[in-house]
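First subunit A sits with subunit B, and in the next complex the same chain sits with subunit C.
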Partner chain A sequence: MLEDIVHIFFPRTYTLGNGKTIREKFNIIPYLVIVFAIFVFFCAYFTGTNLPLLAERGWNFFDILHKMIPPNWGYWDTMQKAMLDTINMSLLGSVFGCAIALPVSFYLSSNFKLNKTYLVTHRFALSLLRTLPTLVLASFLRMVLGIGALAGTLAISVFSYTICVKMMYEYIETLDMGAYEALESTGASRFRCIWGAVWPQVKGFFFSTFLYCFESNVKSAAILGYVGAGGIGLNISGQLTLRKYDNLGLVLISMTLTIMILEAVARYARRKLVTG
Partner chain B sequence: MNRLTLESQYKKYPKGWPQFVIGAVVVTLIIIIWNITVEYEGFTQRGWSIVGVAIRGLFTPSWDVISDMSASGLLYMLFETFAIGFLGTIFGTIIAIPLAFISSRNIALRWVNLIMLAVITLIRAFPSIMYGIMFVKTVGPGAYAGVLTMTIGSVGMLSKLLVESVEDINPGIIESLDAAGCTGFQKVRYGMMPQLSSSIISNVLYRLDINVKNASVLGLVGAGGIGAQLIFAIQDRRWSDAGAMLWGLVILVLLIEYISTKIRNLLATKS
Partner chain C sequence: MIKFEHVDKVYSNGVKAMDDVSLEIEQGEFVAIIGLSGAGKSTLIRTINKMIDITAGNLTVNGTDVSTLKGRSLRKFRRNIGMVFQSFNLISRVSVIKNVLSARVAELSLPRVIFGLYSKQDKILALESLDKVGILEKAYNRADQLSGGQQQRVALARTLAQEPQIILADEPVAALDPVMADVVMEDFKRINQNTNITIIINIHHVDLALQFADRIIGIRAGKIVYDGPTASITEEILKGIYGRSLTDDDLMKEKKNA
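Right, the complex of A and B next:
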């Protein structure tokens, strides 16, 4: 038994009948697994991961949920504007971001053979921008534009723009360019070529990207109020510091329901778009 | 026989006005929503004066923060952010794989997987910041709460994606293992895992990307990571500190994205 384990790490040597010795093939995977495990344990130590603590105090998690039930329905009048703002912000942001992203993504696809330097630099700038969480962007814009939904909307627009452009140009590059070339050979302008030959092919994908942006933005917009960029986040942090858990329960229920309804609508719309 | 003339072909040309009406309605709706939501009261002249200072500060990162090796230094916080995302992904994967097997139609009983699918939908519908708040209350503020939050988020998404790939697997292989008299575990190990491993790894790497990015946000509710320090630096207008942290975060996320794309491409070409 022990020998078998040792031989996982150190390849065996066999001596054949004719006196020839053969070594087993060296396998690096067991070593990688060990390094990986050590790294996981180091990370766990570093973050203070403590499973007994979770087992011991895990019930507190449900304790807070318990305090949220029953929710305080009277709080709805106070928070409905913020809730509506959250949805509106993400809708507006997705619309603006995707609307600007559509023409730009044609410029950034390499199959139209535009200026290479411009293409590379713009793509690099976009990937830098994409790494920033929406929250950081919003807290920066909030310093410039002041407290309110304007900063949040703008931050969401920028985020949707970066995501949408990336998904669109990757899709456009896989398209069949035959129709485009055919239109080009008739002497149509570049706009006409794209409108007639490329847009019908990317239409469905563009709208499904838009829906995806909208869906994920509603989730991220919930937190923007924390930095004063509008939406429901301000209510969450406020009620949390006041320890009004029943109010928090109503916020949570309305957000969960909103997200579920939007996901169902988006799934339905996407299926319609894919089938035609 | 009809002759093809220019006029007859033009008559077949699709009418433009329905699209025009739809477009006009959409634009009007957007303008109305904009007017409901956005207020300009917060906007003052002072805002513009910040822009120049801020951008100059962001491009001259402060070396004090970068060279600081203690717990408030850049490297410590970046590693903490990475560790939260990484551990969240690992734990999430460990929980999500059996969950995905239980909730897929071709393995478990129908009523079991309906219940499990409902649970997964519910997990996904909760916004992750709420998990953050609850875990901070449960295990106290710090990186551990972040790890748990990331775990739950990963379980929600990974199990949904994995259910799809488990339901797609080739049933012929399972049937032939059945015919050879294999046990349930052997069927999973030799019939399913080889088909699933590449999709599992690529989904997990994709989730790692998302988790590291999100781990920086969680700091705001007290769940560790670089987020809290970064946002406080922005709010206190310590622009060069914010610049250092911002560039650190950008480089970390780009590095992880680059490595995971490389590994995913390697897997795609191999299989």
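Right, the complex of A and C next:
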């Protein structure tokens, strides 16, 4: 038992009855698990020092929460316009981002054996882009494009694009290419093979990825207002500095409800897409 | 006619999968290619529609030099050659009829392909193809919910809907149980007799090859070691192809009189 555990880290060489020897393949995963465990331990250790502070100040949170109730319904008109803006930004951004992501993700999947250099460089550019939080991107775009929903929409498009492309090409790479090969053998062009054999297999996943982007974009669009990129975040930061907690209460309640409704719709649509 | 003249195939890793292969196959023949795993059966069959390139020699199909084909001319050439695979290679999540119709994707205009608009003739052709392999009533089922044998017959129907002159089949019954294997082989046989389509089947179950094919090609380490009518196959010849006596693994059904 103990010996077997030790040999998880140190590959053995086996000798068969007939004298043949086979060396076990070295596996890096166990080492990674240990490094990760140590890392998690240290994280917990360092944040742990802040726990007393949280206990002390945490109550302020409930204090503010209390002031939000009852919400100020007089603020409804202003709020619902901003809310619609937020939803529009997210929807538009998700549609743009995912629509462009779709064809590109086929180009970036290694199973179609397209241009290798292009594949590697584009993937690298994407991972760079992904390191940029939407918020940073939005503040940058706002400087270029000025305050308003355009900067936010564009930031959301870029974010959706990077996420959707990555999810898609990773999914496409797990697909069985048999159907593609079958169409290829009938003399169909590459586009027709993809459209006829691969698209039917990925379309459910694509729409569900799109819905996922849309959902999470509504949430992040709420923050984008903080940097002046349009949407309901503008109102949240504004009302917070003015200490109009009852207005803030209305915004938060509406946001919660909106997101819950969107999630329910998305869940329903996804189920229809996957089974239908 | 398919004509190999001193054809070699050397893979990029140096493996010689075809070694000086020469043979002629006439229109309408039913040929089985047998040999051990790794002998080069799949390689041989896939050079015919240029899914794999040959590295030396000459290969012509109905007078066309296959090695010169590329792009549009290659795709046009492939329309006349159907292919059936061991793992069926159907489009999952899609109905049987749509799978069969996908054989028309190479022929149709682009808008029709994009919107999936198949003409009435195409649909009738697809349904007739399904009827020929006896699973017409499954047309509107989802393909991935059928049994293995039924899936392979859908694949066969798809190939028929392509209206090919040649059908290449790479281990089409290896994934099936003996009963379904027989049914699918019967389908191939009937199609060959009724339509004069050339059928070339890779098969590692010797008994099925002997039962259904008119001609056997035996290969070993990339070389043709036997090529002749099924009737003149002997135990000795099989030993030459396999390099050993036959075992139960080489047969689809248990040996009855051994």
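We adopt the following convention: the second predicted complex is superposed on the first by the 220 of 276 C-alpha atoms of A that agree within 3 Å, B and C clash if a C-alpha of one lies under 4 Å from a C-alpha of the other, contacts with A are read in each partner's own complex, and residues count from 1 in each chain.
We adopt the following convention: a contact is a pair of C-beta atoms (placed from the backbone, for glycine too) under 8 Å apart; a residue touches a chain by one contact, two chains touch by 3 or more.
The shown structure was predicted, so the numbers you read here are calculated from the model rather than taken from an experiment.
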For the overlay on subunit A, clash or fit between subunit B and subunit C?
clash
For A:I236, select first, second, both or neither according to whether it touches subunit B, subunit C, the two together, or no partner.
first
For A:F46, using the defined touch cut-off, is the partner it touches subunit B, subunit C, both, or neither? Pick first, second, both or neither.
first
Just to be sure I read the superposition right, which of the two partners does A:A269 touch: subunit B = first, subunit C = second, or both, or neither?
neither
Applying the touch criterion given at the start, work out whether A:I223 contacts subunit B, subunit C, both or neither, answering first, second, both or neither.
first
Which partner chains sit in contact with A:W195 here, subunit B, subunit C, both or neither? Use first/second/both/neither.
second
Let me test your reading of the model: by the given contact rule, A:T256 touches which partner, first (subunit B), second (subunit C), both or neither?
first
Using the superposition described at the top, determine whether subunit B or subunit C touches more residues of subunit A.
B
Return first, second, both or neither, reflecting whether A:L119 touches subunit B, subunit C, both chains, or no partner chain.
neither
Dual-contact residues of subunit A, meaning touching subunit B and subunit C, are none
The subunit C residues in contact with subunit A across the complex are 49, 51, 74-79, 81-83, 85, 87-94, 98, 102-103, 105-106, 113-114, 155, 158, 162
Subunit A contact footprint on subunit B (complex, rising order)
30, 33-34, 36-44, 47-48, 50-51, 54, 79-80, 83-84, 86-87, 90, 121, 125-130, 133-135, 137-139, 142-144, 146-148, 213-214, 216-217, 220-221, 224, 227, 230-231, 234-235, 237, 246, 249-250, 253-254, 257
Which residues, counting only subunit A, touch subunit C once they are in their complex?
176, 178-179, 181-189, 192-193, 195-197, 200-201, 204
Could you list, by residue number, the parts of subunit A that touch subunit B in their complex?
40, 43-44, 46-50, 53-54, 57-58, 60-61, 64-65, 84-85, 88-89, 91-92, 95, 127-128, 131-133, 135-136, 139-140, 143-151, 153, 219, 222-223, 226-227, 230, 233, 236, 240, 252, 255-256, 259-260, 263
